[in-house]
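Presented sequentially are two complexes of chain A, the first with chain B as partner and the second with chain C.
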Partner chain A sequence: MTLDVIEPAVFAILSIGVIGGGVAVVMLSRITAAALLMALTFLSMAGMFVLLGAETIAAFQVLIYVGAITVLILYGVMFTKFSDQPRALFFQRQTPLAAVFVAAVAVPVVIVGSISFAGGPARPGGGDLPALATSVFTDFAFPFEIASVLLLAAMVGAIVLTKRDDPEEAAARRRR
Partner chain B sequence: MPIGPFGIDPLIWAPLRLVIAVALALFLVLNGALLQIYLERKIQAIIQDRVGPYHVGPFGLLQTFADALKLISKEDVRAAATDGWFFVAAPALVFCPMLASWVVLPFAQDIVGANLNIGLLYLTTLGSMTVLGIVIAGWASNNKYALVGGLRSAGQLISYEIPQILALVSVVLVVGSLSMIDITRSQAGPFVNVLVLPFSFLIYFIAALAETNRTPFDLPEAESELVAGWLTEYSGMRWGTMLALSEYGNVTVVCAIIATLWFGGWQGPGVDAIPLLGVLWFTLKVYGFILVMMWIRATLPRLRIDQLMAFCWKGLIPAALLNIVVVATLALAFPTTKVPIAIASWVLVVAFIAGIPFVQRRRLQTLRARARAAAAPAVRAAS
Partner chain C sequence: MTVPLGAYVAVSAVLFFIGCAGVLVRRNAVVILMCVELMLNAANLALVAFSRKYGSIDERGSVFVVFVFVIAAAEVAVGLGIILSAYRNRPVVNVDEIHQMKG
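Here is the complex of A and B:
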């Protein structure tokens, strides 16, 4: 038994995590369970990145998607109306139709992929931190900056949209 | 057949090493929690002029063992309306990331679970996962106190994570590595990082107090307002796992990060001759910071939630950003010497501490003006 056996086994477990978690997120009608399973999906994706030798990307995946986005979603869920009863949303009645569409996309991808995809072994060093940082700040500096400007604009917009005047101050201004 | 350490096949050695590391980490977490609870009680007792635990064992040393036995043997109480799976899963979700972060803590020269080249990033990643368990615990308890406590905790942890990570960045900028081993190695000799980067240490320490729910930031468990926050519905060993093990484990991890990044980790006199001495220095440094945290707990009152958030977003995060800009600029301008960075950092520390009274006075003035403006129409109506 060598590492060559362990790697596909780990890959299989992670694939089940990604695909099973993803399907469950869509199928479940309990929103908190869906959020937790989404965290599982992200964690399995991070495991995939580790398997490919990109530990840095795996760490960022967990840091941002599990640590921030999932928590934010749960945060949002808890501020909405407090009932977690399973309830059939309108789009969840279309499961058979959705399955047909998914099959229409997935089956050709699998067939084409298994026939024509002859990917070489993963290039090591792609997830290495210095290499990653150098490429982000040299080759991809412009997209990187554009993305940060976009995020800044979104943040300012969110503040402007949700900012409410202090009721006391507004009342005082009206009296004046 | 290749032969690994101790003449064991590497293929068997790799999982064996993992098992040993996990067992050791569990051992340290369990005993560390017992010791720290005892220390916390004794130190608070000394500061508050009491005796503290003294019945069980010499100096009350066995008190926490007795408490642990009590917790384990307690009946597993669960309210009927709690959310089954989530309620059970939440303690594990809080506990596991904390346990996993022990893997990269460098206890001595070669005594470390794994030398990851992204060790620091790994630690912050695991630190951010704890929130998930806390939110789930608050939600699954089906209790308003627990829910509010969980939400507060999530808000607090997400907010204070930002200055925490920003403070780490400046150390990484100066050292040039994310590996805990490299960071320790770079601080050989008496000139540890805290002399170069005191400002980032200050920011990290404040944020770490909040991140581990220690006073003055222990809002999620504010007894006077929220019973026990997100822990309200938990009892027995579930409560013990959440509070005792996870909280004190996290405190240890955070103090280990502080000791490694700013105080030279296992570096100390005589380490080159006897490498095992590093364990002693590391443990002493870590427990030194734990004692400081306990001292703070016995000294300071609790903040209010809006003060807590305002302090993070208006105070700590701008300060941390300023720190990064200054350190990065000086590191680029003077690549060979650390002296300018040290001078600038100390100036920032002095300015930060000296600036607090001014900010406080202005805040009080605006508050008084607002109160006067609110009271004025009432006075006019009465006259």
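Here is the complex of A and C:
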């Protein structure tokens, strides 16, 4: 079957996109480029969801992450100013020690994770939208409603936080 | 699915640690927000991969991913709002230079 040959290659390309984009976000000092490479990471991740057979999630990923969140972050970048020293917040003198600690935690997790679950699939992939929709609107109907309230609260909160105080209005409030 | 589940878990773990390192190392608040998004996305990949392998027919893992999307969108909106309002008071975006909220 040709798909069996193509799938590992596609997975390799996508994982290079995901990890390379992630490294670039951390390493690049130009924030606009970092944001665009973050979009590359998200796009590769959507490809991985397609490989896993979760097409609906891949569509959401493209719409929400690649579309909305990247654009929001780019707006945030444009509204603020760059800094000359992008790195070294905590690890200023402790860099070697920090690298040792990170390796001590990260390497076992990656190795154990990749060894422990080296099995084949339990079932073939397929369209996941009916199952997803059934779950969301039956068992998870209440969390779904809570999530919509959370989104509304976040929307109102973001507007309140970024609203510029009208000077006359503020003066009127002080007089009251 | 010829790619083993372990490969997806490994990519997810690597991306999570990259995001974690970014949150700890970078100073720009917007970049820290981006790295948090990377971590959330890594968790999404692990959720979908495990749902494919072990999940029942009703896609529980994908449902959690949908909720993570909602949380991520809300977090970016509120986080950028906080960054912009802090930036308006004093034009700095580096988190170690924002002293106003220190008690």
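The rule we apply is simple: the second predicted complex is superposed on the first by the 126 of 176 C-alpha atoms of A that agree within 3 Å, B and C clash if a C-alpha of one lies under 4 Å from a C-alpha of the other, contacts with A are read in each partner's own complex, and residues count from 1 in each chain.
Basically, contacts are C-beta pairs under 8 Å (C-beta built on N, C-alpha and C of every residue); 3 or more make two chains touch, one makes a residue touch a chain.
Here the structure is a predicted model, which is why all the values come from computation and not from measurement.
Colleague: Decide which partner touches more residues of chain A, taking chain B and chain C as the two options.
Modeller: Here the partner covering more residues of chain A is C.
Colleague: Using the superposition on chain A described above, determine whether A:104 touches chain B (first), chain C (second), both, or neither.
Modeller: A:104: touches no partner chain.
Colleague: Based on the superposed arrangement, let me know which partner A:38 touches: chain B (first), chain C (second), both, or neither?
Modeller: second
Colleague: Kindly classify A:75 by the partners it touches after superposition: chain B alone (first), chain C alone (second), both, or neither?
Modeller: Touch status of A:75: both partners.
Colleague: Looking at the overlay, what does A:67 touch: chain B (first), chain C (second), both, or neither?
Modeller: First partner only, chain B.
Colleague: Check whether A:143 is in contact with chain B, with chain C, with both or with neither, and answer first, second, both or neither.
Modeller: A:143 sits against chain C, while chain B stays out of touch.
Colleague: Report for A:59: first if it touches chain B alone, second if chain C alone, otherwise both or neither.
Modeller: Once the two structures are laid over each other on A, A:59 reaches chain B alone.
Colleague: Need the overlap of the two footprints on chain A, from chain B and from chain C, as residue ranges.
Modeller: The overlap between the chain B and chain C interfaces on chain A comprises residues 3, 56, 60, 68, 72, 75, 79, 128.
Colleague: Enumerate the contact residues on chain A facing chain B in the complex.
Modeller: Going by the criterion above, the answer is residues 1-3, 32-33, 36, 39, 55-56, 59-60, 62-63, 66-68, 70-72, 74-75, 78-79, 84, 128-129, 168-169, 172, 175.
Colleague: Along chain C, where are the residues that touch chain A in the complex?
Modeller: Going through chain C, the ones touching chain A are 1-15, 17-19, 21-22, 24-31, 33-35, 37-38, 41, 44-45, 48-49, 51-54, 57-60, 62-63, 65-67, 69-78, 80-85, 87-88, 91, 93-96.
Colleague: So in the complex, which bits of chain A are touching chain C?
Modeller: On the chain A side, the touching residues are 3-4, 7-8, 11, 15, 18-19, 22-23, 25-26, 31, 34-35, 38, 41-42, 45, 48-49, 51-54, 56-57, 60-61, 64-65, 68-69, 72-73, 75-77, 79-83, 85-91, 102, 105-106, 109-110, 113-125, 128, 131-132, 134-136, 139-140, 143, 147, 150-151, 153-155, 157-162, 164.
Colleague: Given the complex with chain A, which residues does chain B contribute to the contact?
Modeller: Interface residues on the chain B side: 11, 83, 86, 89, 116-118, 121-122, 124-125, 128-129, 131-132, 135-136, 138-139, 147, 150-151, 154-155, 158, 161, 178, 370, 373-374, 377.
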